[in-house]
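Each of the two complexes below includes chain A, the first together with chain B, the second together with chain C.
Our next item is the complex of A and B:
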């Protein structure tokens, strides 16, 4: 498969998945949220393809709700995080001292594993959806900022930038008109690749009890509940919601990866 | 002599940076704890809060020094830390240093081994994939790596538990030893049996990155002129892989492994939770849920020390391999 074809396929897959999740969670209404104690802990069957949980809720509907939630949280978090990365990179581009400070802050952030940082941030913000989005945004920008910083250095050394500066353009003009357009593709790929990461971390954080509110149909909540039924052999509670999450993450990994390959074929040979 | 001096200066500068970094981490974590809406006294008392009057609450707060200004609290904490006292863990009702020592050992066994094993396995897989670029072993390994990278760690752990512990009964369901047995009476065999499943899951979690990294490097080496020359001289593939590819890919893989320390520690928090492993990861969750500020701060500092040292080593290795980087940075 050529790179372009692969990209189109990946984009189609991701778009179809998003559409399906959006449509489903919109059309489902209360299905998967309202309890039905007559149908508790049923294994997969034609009526409930994914089975039902301890409150008799349909797991397929619940998983779709969970993915819709993950998508929303992931998009908001990755977008916000990219904004922070751009802001930090822009500040770093203003001068040598700012660059040193930005580098040190990045190092400090990288010294704490994402999950631990997320846990601490969620502790600070008191939990809840907004706290999770903010925590993921605050913890995920350093890696993207590092990539952007490297690009920034490269662009700043290019002849056309030197020419522009020699012509008396102020540094801010150079940043906005020369550097930013150059960084745009890297930024797009960075956000696309950060998105699955954000979703996975949200699920992990929620699973640990520091993320989304346990009353919401989040994948992490479902899996934490499934943990309690694992010993009784109720495998479907764990398998299906996790597999749906995996499919979503994989689709976006594929999309980001093939876009990166198309944009910089020489750098990436995966 | 001049060289020695320069080396010492650089070591000192790195040490100073490390100290500064840890201080900033400590300050940041302390600020986060102080900004938290979780009140440590309320979190400590839990349901008992209903039976405790406001005067007693104030007494506990005063005994813990919570009535002082945040700056005083931090300085007192830092001063005690320098004398080796990291405070008292309210979640475990024991000195923080004791909790760290006990749980750190369990964590080291699980996370440290998983870290090393994922490096070895990842390197081996990367070598095989690189040597068979484009053919089926490479495709299988690559697909497997992509799948692993997209899989939630804790979900993988749950699947492993459901299959191997519940359905097949090959492995114990949880913990670091049989339930109810004091930790010092657990035999090495039992310990190993309880370690196997979490170790396998955590190892798999770390493999993907190292394997893909090694694969790229091996492909690069195999396309080089000196490998072409070696081939022309009649060297076989095993010979080339061992003498050229493995040697050249080894240091980058090691650097990648050091840089991945943080990731595997993050993964271990989830794995310890799923397998009820009594390590630092589980202690972190416990401390977070119970508002155990001294323990959280100590764990954050210890983790930052380990991860930043890993990052530093990765940087140093990268520079050692490619001296051009020294000038660039």
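Our next item is the complex of A and C:
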């Protein structure tokens, strides 16, 4: 199998796993959400492969619900973050002064410790799903914007952009027709790689109590609840949801990394 | 018509490649520009087309500076035209950037209809030069800066392209600055030749 085929296979596998998680939660309905106090804290068994939690809820179903929720939050946060990054890049493309402003704002945001910013924003916005999405989006666009701005400057220096301007095409035309299509692959890979980051932050924020509502089946909520029972030997409460989260993050990382290599001109010979 | 006065230009902080250079290009004139490699021929062509800001001096067309908006009346056809075409665009879109191409002119320049569906990287250097020329003429320029325009063409195609440009110069008053290493070619096509040291 050639390197290129291997990359396509890896990307396909990761995409299939992500899709399976999204669909599994949809098919489960209310399973894993309703309490069953007759089946509290059961270890893994054929009936409950991941065991049950302190309210007797099936952990496998609950983990899948949690991952699906993470996917939704990750999608919204990464999408919103990408929108901000594209808007800032678009601003940078409007002229030298606008580029300086965009660069300054990006650098200031990059200079702030993003974990601290994330916690502060989530706290200030009062927690909950919308607050987590906004906090991740606002604290994560600068890295993508910096990559896109670098690409923008490279494309803007291409002779075909200069020719387009000489032929009378306005700056906006150049931006929309020459520059943005060139940035699309970078944007796609950037969003995909931001996705696992957003999911991890959502779980982290929720674990610390600044994130999603504790009544929702989120991975962060499950891990926080597990902390109280780990000392009593209930390892499955943390291991399985944690491993599932890790698998999802790795799948995204694999998908993003494979796409980046597939789209990279340096890897064309693969 | 096109006037450049006291042009000093260079790249970055390096010593200027052009120092206090002046030239005049009249309506319908074909002026040859010769000189060894690195003498600043391309830089001068780009300065005249408003693509490279000079460190000193000014370029005027009929006494006024080149307009900042709309199609530039001085069009520059680059030495390596592939770089001046978006690699993601097909030739018909590349040509349309200057407005709908004139089919009669396309015929004269031998731009074949079956090139239109191809990408720039699928055409040869000579074919790309013709496409770049057709596009530049599509912007209805008053001055054309042709940088090694026919360097990638055989003698017959070269003669045909220059004949088309001479006819245009006579008919429409188009002025042409022909940049070339080929002294024999410049002798044949230009009414006078400016040599850079």
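Some notes on this structure:
Here is the rule we use: the second predicted complex is superposed on the first by the 261 of 270 C-alpha atoms of A that agree within 3 Å, B and C clash if a C-alpha of one lies under 4 Å from a C-alpha of the other, contacts with A are read in each partner's own complex, and residues count from 1 in each chain.
In the analysis below, contacts are C-beta pairs under 8 Å (C-beta built on N, C-alpha and C of every residue); 3 or more make two chains touch, one makes a residue touch a chain.
None of the values given here were measured: they were computed from a predicted structure.
With both complexes brought onto chain A, simultaneous placement of chain B and chain C is permitted, the two fitting side by side without a clash.
Legend: residue contacts after superposition of the two complexes on their common chain; A:90 is shown touching neither chain B nor chain C. Once chain A of one complex is fitted onto chain A of the other, the partner contacts of A:209 are limited to chain B, with no touch recorded for chain C.
In the superposition on chain A, A:231 makes contact with chain B only, not with chain C.
Look at A:111: by the touch rule set out above, it reaches chain B but stays clear of chain C. Residue contacts after overlaying the shared chain place A:168 against chain C, while chain B stays out of touching range.
After overlaying the two complexes on the shared chain, residue contacts for A:158 are found with chain C alone; chain B is out of touch.
Between the C-alpha centres of chain B and chain C, as seen from that of chain A in the superposed arrangement, lies an angle of 100 degrees, given as a multiple of 10. Of the two partner chains, chain B is the only one touched by A:124; chain C is not.
Here the smallest spacing between CA atoms of chain B and those of chain C, following superposition, is 9 Å. Shared contact residues on chain A (touching chain B in one structure, chain C in the other): none found. Within the complex, the chain C residues that touch chain A are 49-51, 69-72, 75-76, 78, 80, 83-86, 88, 97-98, 135, 138-139. Residues 21, 24-25, 28-29, 32-33, 35-38, 142, 146-147, 149-155, 158-159, 161-162, 166-167, 173, 212, 216, 219, 262-263, 265-267, 269-270, 273-274, 284-285, 288-289, 291, 296, 299-300, 303-304, 307-308, 311 of chain B touch chain A in their complex.
The touching residues of chain A, when paired with chain C in their complex, are 158-160, 162-164, 166-170, 178, 181-182.
Of all residues in chain A, those touching chain B in their complex are 104, 107-108, 110-116, 119-126, 196, 200, 203-204, 207-210, 223, 226-227, 230-231, 233, 235, 238-239, 242, 245-246, 249-250, 253-254, 269-270.
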